[in-house]
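Next up: some structures, all given as structure tokens.
Each of the next two complexes has chain A plus one other chain: chain B in the first, chain C in the second.
And then the complex of A and B:
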């Protein structure tokens, strides 16, 4: 009895530093922003309790209504394009690397290197490459198609896609490696049995490999959803906080920052509305992750 | 007896020492210009000499983090005694939160200040002055004198002459205008430099602030259409051209004109000392019309309302309102000081800027509409990106500004 008690104390002793950190830098701010979002604010001073008024303003009154739906639309674009392009590409690369093509060890490293780069450095450098007289337009001129040159980050129709493309370049190595590891862990006897039965590569991939790597697909999907909802640094470094040009790159992250903290141009802080947007981001992330975990979890195949 | 004498001596000595300590007051002063700290120290040394017993400890924070650090400190009750505060809306945040001391009574010198810079230190809520303005900024056009000489151009007075000069520069292979639109605020600066003479400067400003007209006024829309006439002279793919690209092309003498603010000159000269540039106010429709420039206050020195050393703090603020500080801003920081009567004899550039200020008008969105979200500036900057890129018409631009401001601006709601 005595021994058990001291064991519990020891466990508590070892867990408490980590718990203290989690509580103070994750849970506390979360509840503080929830708390702040329920008040009206007189500049930097918390004023009266207003219930869900700040949430009503985000969803139903101008200008927040338009800005919020525009931002969430851009987040959806991020999610759609990243899911489709980055993860498909990642799966393809993972598959080809697992086939042990010539130089696959070399490619594996090359593909993964950008993942290690600082997100801010990548954003800054690609920001230079994508300038009107930057590397990309220079390359287009070199290959004889100067008419293809664009203001990649200044054109409303292209800016978001340009930033997403840069982010895919940076991050595609991560899903590639996760999928490679998953494909490598598919039991060889399953694959050999399939080949013995005369199954083609395509059939093997879609009927055996894919169902067996669902757990990895699930992880990548959840990470993509969370990443797409929280995207901020890429936009901050390449387009700035105001969702330039003309809000075409604005996401709920940048909208939250501008609203909650204010800036010289965007105006005085609206801490109540900003906190409400923060809380909405949190619940969106939570809900989307839960739904994808539950729905994809059912697809999992047990051997 | 002897012991008694020693005791008395010791007592006197302690009292005297106590007195010395009581007179010694240390003020905390905060600035958002780490790059100017050394220069400030020299200025403050002069203040300490004139005010024995008061010392000033200076702390500098990065410009972009300054507001956050300052608001946290003030809210926590540990802020500095005297600090740099932003103008207009940025001042309002702190004034309305009750962190700033009204200065009308503490610093009588403020009465002699010009109305334009003082506007940036006055709260719109109670009309009290909460800061000693330090500098004003003016928006106009920089031009490259060497290129003008080479092409035989004259400084334009009318809009048509301006367009003709731009066309001549473009034809000669120069970038006629350095300005791009990747950052919306550079477009707002262009508007502030060139539009007032077409929307009717102060007449329109006063009318729109009072709600007697709005941003869909044909005068304002017409001024926007004028701005659009410049797009052929802007760089290729100008929507991707950022502020630093603009600066680089003017500094490297690839661009003939740069529409910008008085704050650029120091950087231009430091990056290319050989660059010979001149300035002119926004051109007008008809020769002889008054040429207005947009002017705004840059920032202030303010007192913490929770300071325990208000008397000493007031001394420092009076010093900041003196000609000595004014001359320091002009000669050391190369800024257009807001102190009346400061000496410009050593800086012909600042003298010229001040002469352009003869006809001045408030920088419209900053001065009038930067107090609430969405600010006039934020609305203009993003809609102007659409307008310059061709996805919005000038009517759309004006409507978006009007609708956005009308969500909170009472004079616009009555209509």
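And then the complex of A and C:
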């Protein structure tokens, strides 16, 4: 029995520093968010219990209603475009790199470069290039099609897509190399057997490779969902905290920040409503991740 | 190499496909290189030159801008802050993370799964969404505007993935090694320190890169917690700089080059480790 007790002490010794930090910095704030969202606030002072009033304000009262539905619409655009363009491109790039096309080792290293850069630096760099008098419009003039020039970040219809494009520029190397690693780990015997049977490359890709890399597709999907719901720096650096022009690039991340900490135009911080938005972000992240895990998990094939 | 998709002995359709793919990769590589090249070149030009001749090369390589930004505008300070805050964070993450990983992978006990799940939950929860209560906590502890606030958050942010990755590696170490050490009279700490840790050194390198890149690049938490100029980190300092000198493109490009080039240089020497490290959480 004595030995058992000393073992318990050792376990506590090894686990508790990390446990204390994770509980107090990650889990406690989660419960505080839930709790705080049920109260009205005067600045940083908790006032009275109001039940779901803060959530009602987010969903049904102006100006939050308009701002929130606008922001969440933009997050949906982020998710849709990123899934469709970035992850499809990533899958294609990963596949062709795995076929060892000429230069694949070189490409592999180059496409990963922007992944390492901070979103802030990338955002500001492209922010300068996408200015009306910036490099992109200069390039369009150079190749003789100045009519293609746009206010990439100034046009309400275009701005969100421009920012998403910059983010894809920065990040597409990541899914590419994750998919490359996944495809490389598909057993060669499977592929060779298919080729022996005369299967076409396309058939091999859709019937053998794709089902076998479902776990990676799943991870990338969940990461994309979490990333799309947490978009903040991209907007902050290229469009500003207000999601200019005219809130057209606003996301829940920027709305959440403005609500919780106040900003030039919205005045005082609104802790109650801010916490409610935080809780909504939690739930959306969890729900979306769970749905994709369950739906894609069914597709998984065991060898 | 039966998996090859090269030109030799391929059908016309395949040749066209491979050529198109090559064109795509070359274009994307140019799209990565040129903006970086232009950024560096612009840092040697005057704002007027940048705006009038965006594609022209600088007349001379004058490093005066770099001195201005680094010394006069305090960028050196931001660098130093990012460096020591990332370093301190990683020291604690590696120590506490490897200890916790040891605690959940090398013992069997009733609460083990629960403990492991608590750690794992941190991977799924978006920490940014908790920034308001975090601010209230830090305010109460009087940590706001002090580096310890962001360091604590960075540690919490990095621990779950560190524990997840390291415990995977530690589980694979045979128990016999541990029994042998125990017979020789080793305590649990000595087994952790001298038996298990040396075996997982490659994994330590992996989690170091996996976590230090996002910590080094993080902007959100320094933005909320560090208003004092003397504690600002590189991404936050860069943001300030863009607010202050928004029309001086020459200095802006210099600041961007200073923020981006060190990472690029490091990557040039350690590309393999960076790729492996950064994708460690998503690749088994």
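We adopt the following convention: the second predicted complex is superposed on the first by the 302 of 303 C-alpha atoms of A that agree within 3 Å, B and C clash if a C-alpha of one lies under 4 Å from a C-alpha of the other, contacts with A are read in each partner's own complex, and residues count from 1 in each chain.
Everything that follows uses one rule, which is that a contact is a pair of C-beta atoms (placed from the backbone, for glycine too) under 8 Å apart; a residue touches a chain by one contact, two chains touch by 3 or more.
Keep in mind it's a predicted model, so treat the numbers as computed, not measured.
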item: Partner chain in contact with A:242 - chain B first, chain C second, else both or neither; value: first
item: Broader residue contact with chain A after superposition on the shared chain, chain B or chain C; value: C
item: First (chain B), second (chain C), both or neither touched by A:156; value: first
item: First, second, both or neither for A:40, with chain B first and chain C second; value: neither
item: First (chain B), second (chain C), both or neither touched by A:138; value: second
item: Contacts of A:62 with chain B and chain C, given as first, second, both or neither; value: first
item: First, second, both or neither for A:124, with chain B first and chain C second; value: second
item: Touched partner set for A:261, first chain B, second chain C, both or neither; value: both
item: Partner chain in contact with A:10 - chain B first, chain C second, else both or neither; value: second
item: Overlap of the chain B and chain C footprints on chain A, listed as residue numbers; value: 44, 133, 261
item: Interface residues, chain A side, partner chain B - complex; value: 42-45, 61-63, 130-133, 137, 149-156, 240, 242-247, 259, 261-262, 264-270, 273
item: Chain A partner contacts - residues on chain C that touch it in the complex; value: 1-6, 14, 18, 21-22, 25, 28-29, 31-33, 35-36, 38-39, 51, 54-55, 95-97, 99-100, 102-104, 107, 109, 115, 118-119, 121-122, 124-137, 139, 152-153, 155-156, 159-160, 163, 188-189, 192, 213, 216-217, 219-220, 224, 234-235, 238-239, 242, 249, 252-253, 256, 259-260, 263-264, 267, 271, 274-275, 278-279, 282-284
item: Residue numbers on chain A that touch chain C, as the complex places them; value: 7-8, 10-11, 13-15, 17-19, 21-30, 32-33, 36, 44, 93, 96, 98-103, 107-121, 124-126, 128-129, 133-135, 138-139, 142, 169, 174, 177-178, 181-182, 185, 188, 191-192, 195, 201, 215-216, 219-220, 223, 226, 229-230, 232-233, 236-237, 253, 256-257, 260-261, 271, 274-275, 278-279, 281-282, 285-286, 289
item: Chain B residues within the chain A interface of the complex; value: 67-68, 71, 74-75, 86, 89-90, 92-94, 96-99, 180-185, 235-242, 245, 370-375, 377-378, 381-383, 385-386, 389, 391-392, 403-404, 407
